[in-house]
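Two complexes, one shared chain (chain A), two partners (chain B, chain C).
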Partner chain A sequence: MMTRRMMFIASLVAFALLVTGCRDQRIIERMGFTRTVAFDLPPDDGESQDQKDKMLRVTLSIPKAQPENSRIVLTTTAHSSKEARVIVSRKNNRRIVSGQLRSALFGSRLAKEGLWKYIDTLVRDPSIGSKVNVVIVSGNANALLERDFKQYPSTGEYIDDLLRNASGLTEIPQANLHTFARDYFDKGVDPVAPLLKEDKQTLSVDGIALFRSDRYVGRIPPTKSLLFSFLHDNIATGEIVMKLPGAEGAKDEMIMLSFVASKRKITAKVRKPVRSGDDVAIDIRLRISGEVLEYTGKLNLQKTEDQLVLEKQMKAYVEKETKTLIEEILKLKSDPFGFGKKVRNQISYREWDKLQWHDAILPGVSVQVHADVKVKDIGKLQEADPVDEE
Partner chain B sequence: MPDESNRQNPDAAAPDAHAASPDQDAQTTVKSTETKPPTLEGTLKEFAGCFDLGYRTFPRNQVHAVYLEYLIDADQLHRQLNQPFLEADDAQAAQLLTQSIFQPITTLNESVDSVLYGSTMLFFQGQAYALNLARSIGRSIEQTETETVIAGPHDGFVENLIENIALIRKRIRSSHLKFISLSVGEVTKTQVVIAYIEGLANDHFVKQLKTRIHDIEIDALHEANMLVQLIDDNPNSYFPQYMVTERPDSICSKLTSGRVVGLVDGSPSAFVAPTSFFEFFASPDDYYQRWHLGTALRILRFIGFAITIGFTAIYVSVTTYHYEMIPHTMLLNLTKSRSNVPFPPLYEALLMETTIELLREAGARLPTKIGQTIGIVGGIVIGQAAVQAGFTSNILIIAVASSAIASFVIPSYTMSASIRLLRFGLILLAGFWGNFGLILGIGFIIVHLSGITNLGSSYLTPAAPMNRTDWLDTFIRGPFSKLIFRPSQPASPNRVKTKQRK
Partner chain C sequence: MQEKLHGYHIALIVYMLELDVTVFSLPRIVAENLGTNGWIGLILLAFVAVCNIALIQLVYRAGKGRSIYEIAEQSIPKLLLYPVYLLLAIFWIGLGSFIGKKYVLIYQMISFPTTSASLLYISIALLAYYMLTKGIYNMGKAITLFCYMTIILTVLLFYYTNDWELSRFTTYLFQGAAEGHSFKNWLEVYTIFVGYEITLFLFPYSDKKTLFKGVYCGQILNLTIYLILIMLCFGFFSFEQLKSIMYPVINLLSYIELPFLNRLENLVFTLFLFSNVISIALFSWMALTATQRVFPRVKLRFLELGILALSVGISFYPSILRDSEKLLRYAMYGEAGLAFMLPLLLLALLFFQNKKAGGNGGTPA
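And now, the complex of A and B:
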């Protein structure tokens, strides 16, 4: 009796194992893992109607183990990204899978029309991690991914490393599928993404892409990107070069702060009911501290009084620059800093829902920036005590 | 033998014995020995056909001595038996036999047993006496081969029960240390000794262990590891349920923590009851080093456990199903090395694991010097060549090797062997069902572990039932000042180790 039952169970288990054993295997050497994918519109050169209907041009970059740093690049035109994968799979010797995706590139022309439907498939696919970089390419994304950069390892890896470096230096804010989807769905804040562009021999970070909802609307140039980062996030380390106006007639003084840490605090004052931008006053407090590694001005940094003067100059610089930066951004009707969230928190959701935040309120919002810049350290160069000399 | 002339050949004695009771067949003899009076004839008859039987009489008196020649100490025999009795007449012999070293024996059964355990049986005027002259047989105390420590005592138990008991007695100078002697095996009549410290050990466990050992029905018992399988709560379980060790220091610490210990004659291993799963990961070394180090070592062993059961299985499941989990930098190397391999990862892993087990088994069976050669041949030649020949991937070699090495971190050989076998099940599950199978397998192991009991106490103590105080001496090795309580599992009536002076 017992043995018959055991036999039954054993055969059931064996059956289950045998039946399930062969399904859905993904043995690594039989897979082609897409490392980087680029989406863009097909180029605008009198193509057939069929081409025009298929509005998406997809490039996949699949690294190969041998020889080193080699890769397979496949480009196709399709209606959607998954269709593109199916089409490409028909050509490739290995099954194309997206579980090792690291970066998704979007052409700026495509991004202007809205990215969400492409990001949606990426977020929906459980094999794709949420830390996949979202990158906007100034220019043609397909062409960028198809190009090989002789001095660097394969383009996919180059892009990943470049982005990691740049965001490590707080040149660009972190932007991946998670942050993009979060900011897209969250009301009162818009996503951001880094911009890349092709140079003659290299790629380069081309600043930060601003969005209104999922549409690419404007760009912050690289020179302003750290200022943007001060406003966008608390940062732990970064480098900033400030051009302070020199004494009358003299050249501008350059000062470079290293190991910059900053904290930001945004508060909103709302006069209810909110009808226009005038009813909202945003106040931003920045606390920035850093180490002076380069200074071309006249002040003697070893004197405490001079340091205070310098701090005041830098404070003025930061306040002025961030204010113009914010005004420019607000003109684009984009809200990357989440002013809307602060406002939303102070009024009822029904009220917020009725607001035309991007179109009616945001451009008229008044913004005040209070910066507090501290010099932590003046570096290794220490001259003899100036007081003694005098 | 000092007096050759008086020594009779047992073969010659046997017919006499037969003549005394010609109508008894073997069956009834065995049964009736329980109550039969101990007679010379009866004893000689039992040992008929044993060439090592010594039988002698003394010319000046009626004393007959029966003994097994090679079990007893010839010196002692001469001093205690031959010298006094050769010169004694009947009256003097009777006087001599009143000494307490001569134990009166009342049944034939006892008399036969006494001879078997190394006593000399003396028959005199219808009375029978046993004189214990047993000689220590076997190797002398030396280091154990399986459980070595770096700092700490190097002596280990030997096959000789007497030596082993002496080792324990020498370490625990307490009259509360009790030994109960039992015998197991219908043919071998192996002596089994239960040791415990009165007042520290729970009577319940002592009684239960005694009953279980008493109830064993087996013809022959050769080893403590064999005995524990006969008294398991869960005989079909995968895991060893009694901790078995060859280290007297470890046994003594178990005794003082209130556990019960068993020793088997002829076996250098002693077993401990009740035992929990986590005890198999503790080594006496932990207590001989600073507590930080002891703690680190314990944690290391648990990591080793995880690596042993999981590493190869994770390799299989990741390369077969979950390529997403592999870091990108490793992925290309892995693909490169896998692309030469003709088998799917499951077969590849099973093949390599089997090879490692073959190496290990071959190494264990061979003498140490050849064993090393096998290790080198196996490790270098097979490891290197297998990758170059495209037989396996090099990452798998790392996985297999590190899980094999990690399995030897576990101090208990029986536990480490169990875990090594368990690995194969997990590899199969990982190959069939990926990470789902792996988690399923680990789930089953945990469920199974939770069901095991040892003398009725939970095998997973102190994780289930939870006992935080025990954790201090289970998952970590706390400083001695904090180890105030005895472990909860043995349910010692005296939980406090030392009443600390203020």
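And now, the complex of A and C:
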């Protein structure tokens, strides 16, 4: 009796499993897994009809298993990203799916007009994860994705590796669909994204894109990106080159800090009611430490007192440079560091709700930076150059 | 007489029945209806639920552990009660069915867009049926296993430490709710606790000493898990973003990327299948206790089959997510009301019964 019942149950389960297999088939050989997608406006050639219709140019990059590092690149013009997928599917021999999407590239021209509608469809699609990289391309995003870079693996993979590498070195902040949506919805902070550009033979990180709401409004050059990261996040590792003013008449001294770790603390002082930027004072405290591996100045870093002098110089450098950086960013009415969040937590809900944070307050906010820079160690060489010591 | 359920199992039954598909939208529901720092509101609402449990405890004390059917049938003619039993049974079957259907529709959305929802539901109902046939004592034991599966998931929480920020909680209390504050909005959040009323039906099946200890523990466990989840979401998403996301927990899971595995939401959502099977099975069990009173002669197996068949039948009705959510919401309102009304009614009955007994000089119980 028992065995017959067990047989019945087993056959039911088997039936259910088999029948389920008949639907929603995903045969991997028949799928085109989009790895990278690029959105941009059609090229601006004066009288193009596409341009007038505000069409979107979409490029999909789909890796192929054989031969290695090969891929399919398809570009089309459509009204929306989903329509583009449908059009591309008509051309392609495989069903195009977005479950393995890793990076979404946006051309800078498109980004200046606002990205939310494109991000919205990506966030909404249940087949797309939240950790898809959001990248802004200085120049044409379609062209960048269509190009092959001889020395490197397929462009999609190259982009992902480059981004991972750069964010590992804290060259760029973390930027994915989740962080973008999160900061877009929050009035007290604006999203950021890495910038990429094409060089002759390679791709390169072109700094950090600043946004006001979902519009791309400005760029932080790569030389300043670590300073930006100090202010944007706590960082665990990075490399920074500082140009310190030399003694009178002498050349500037260079110092390179490696394995830089930093912690930041932002506090806001608010005079109520908040009517203009003058009522808000932001205070940023940075605690930075790093290893000195390269130094061209005159100080003898074996000596503690000289290290202290150097630390003072670096402190002055960081404070001055970050202050200039912040002032430039505030002029763009962008708030990537989340000053607004700090102000919000000081005032009433109603006041914050009414506040024209970006337009009326942000540009006039006064900012103080206090940096505390420490030399963690000076590497494994004891003696400095003995000839120079004379 | 069969074995009695220990408080430990009761706690897990209450916890698992309360935990169902609504957990995936819970953080949004809290943000939308209670506003900023809605988690504080959730604690207040949990107090209300605890008061409700205390009411049930009063029924237990006053009724000296008799089943609620016996209490009702002592004062009200059976002819009047039977239609009520049947209506209640249908209501509970429907409630379980709406929970299951909503789960299936979301499952369809994220994993199986072209598989028929009815087919998915039937396979779930089949599992629920097999659970139901084992009786409440064995269900309690099976639930223990599934319960730990959900609790282990809280380990994933550590993945989010770097992306979690206290300042996203804001300093405001209950501000920015989508439609302002009303009884209805708070009720909507309250419905996430629906499930503890199963205690009313567990009287004859449980260990006297530990029954209510178990119920309170289950409720507290449930609140703790909900609070962890909500606080995680409030610090991970920005407030306005949280209000805009349909199922924040799915988004939360889709953020996890491990070197060997990503898109974890598909896996975890499937794991939650069990908590929904259990909800269907337990609500069906409540319906079963009612129908058994009406049809004492009918074989148990037929009643169980009938209940699950009805459950499948009802599940066909909502075919799109919008309808399914609406139906589930109304059914939950009904159930939350019932959870208060039933003990109150029973207490009133018991009051008269005891008075009568007292007037007669006290009949031996």
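Following the convention adopted for this analysis, the second predicted complex is superposed on the first by the 355 of 390 C-alpha atoms of A that agree within 3 Å, B and C clash if a C-alpha of one lies under 4 Å from a C-alpha of the other, contacts with A are read in each partner's own complex, and residues count from 1 in each chain.
Here is the rule we go by: a residue touches a chain if its C-beta (ideal position, glycine included) is under 8 Å from a C-beta of that chain, and two chains touch if they have at least 3 such contacts.
Quantities reported herein were computed from a predicted structural model and do not represent experimental measurements.
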Under the stated touch criterion, name the partner, chain B or chain C, that contacts more residues in chain A. C
Could you tell me if A:M31 is touching chain B, chain C, both of them or neither one (first, second, both, neither)? first
Which holds for A:K150: it touches chain B only (first), chain C only (second), both, or neither? neither
Mind working out whether A:K131 is in touch with chain B, chain C, both or neither, as first, second, both or neither? second
Touching partner for A:R90 - first (chain B), second (chain C), both, neither: neither
Once chain A of both complexes is superposed, is A:G99 in touch with chain B (first), chain C (second), both, or neither? both
Give one of first, second, both or neither to describe whether A:R5 is in contact with chain B, with chain C, with both, or with none. neither
Could you say whether A:Q66 touches chain B, chain C, both of them, or neither, answering first, second, both or neither? first
List the residues of chain A that touch chain B in one complex and chain C in the other. 20, 24, 99, 127, 129
Spell out the residues on chain A that touch chain B in their complex, using ranges where they run on. 17, 20-21, 24-29, 31, 33, 35, 63-66, 68, 97, 99-100, 102, 127, 129
Which residues of chain A touch chain C in their complex? 9, 12, 16, 19-20, 23-24, 99, 126-127, 129-131, 178-179, 181-187, 189, 338, 341-342, 344-346, 348-349, 353
Interfacial residue positions of chain C with respect to chain A in the complex: 36, 109-116, 119, 123, 126, 130, 163, 167-168, 170-172, 175-176, 236-241, 244, 250-251, 254-255, 257, 262-263
For chain B, which residues are in contact with chain A within the complex? 319-324, 326, 328, 331-336, 338-339, 341, 344-345, 428, 431-433
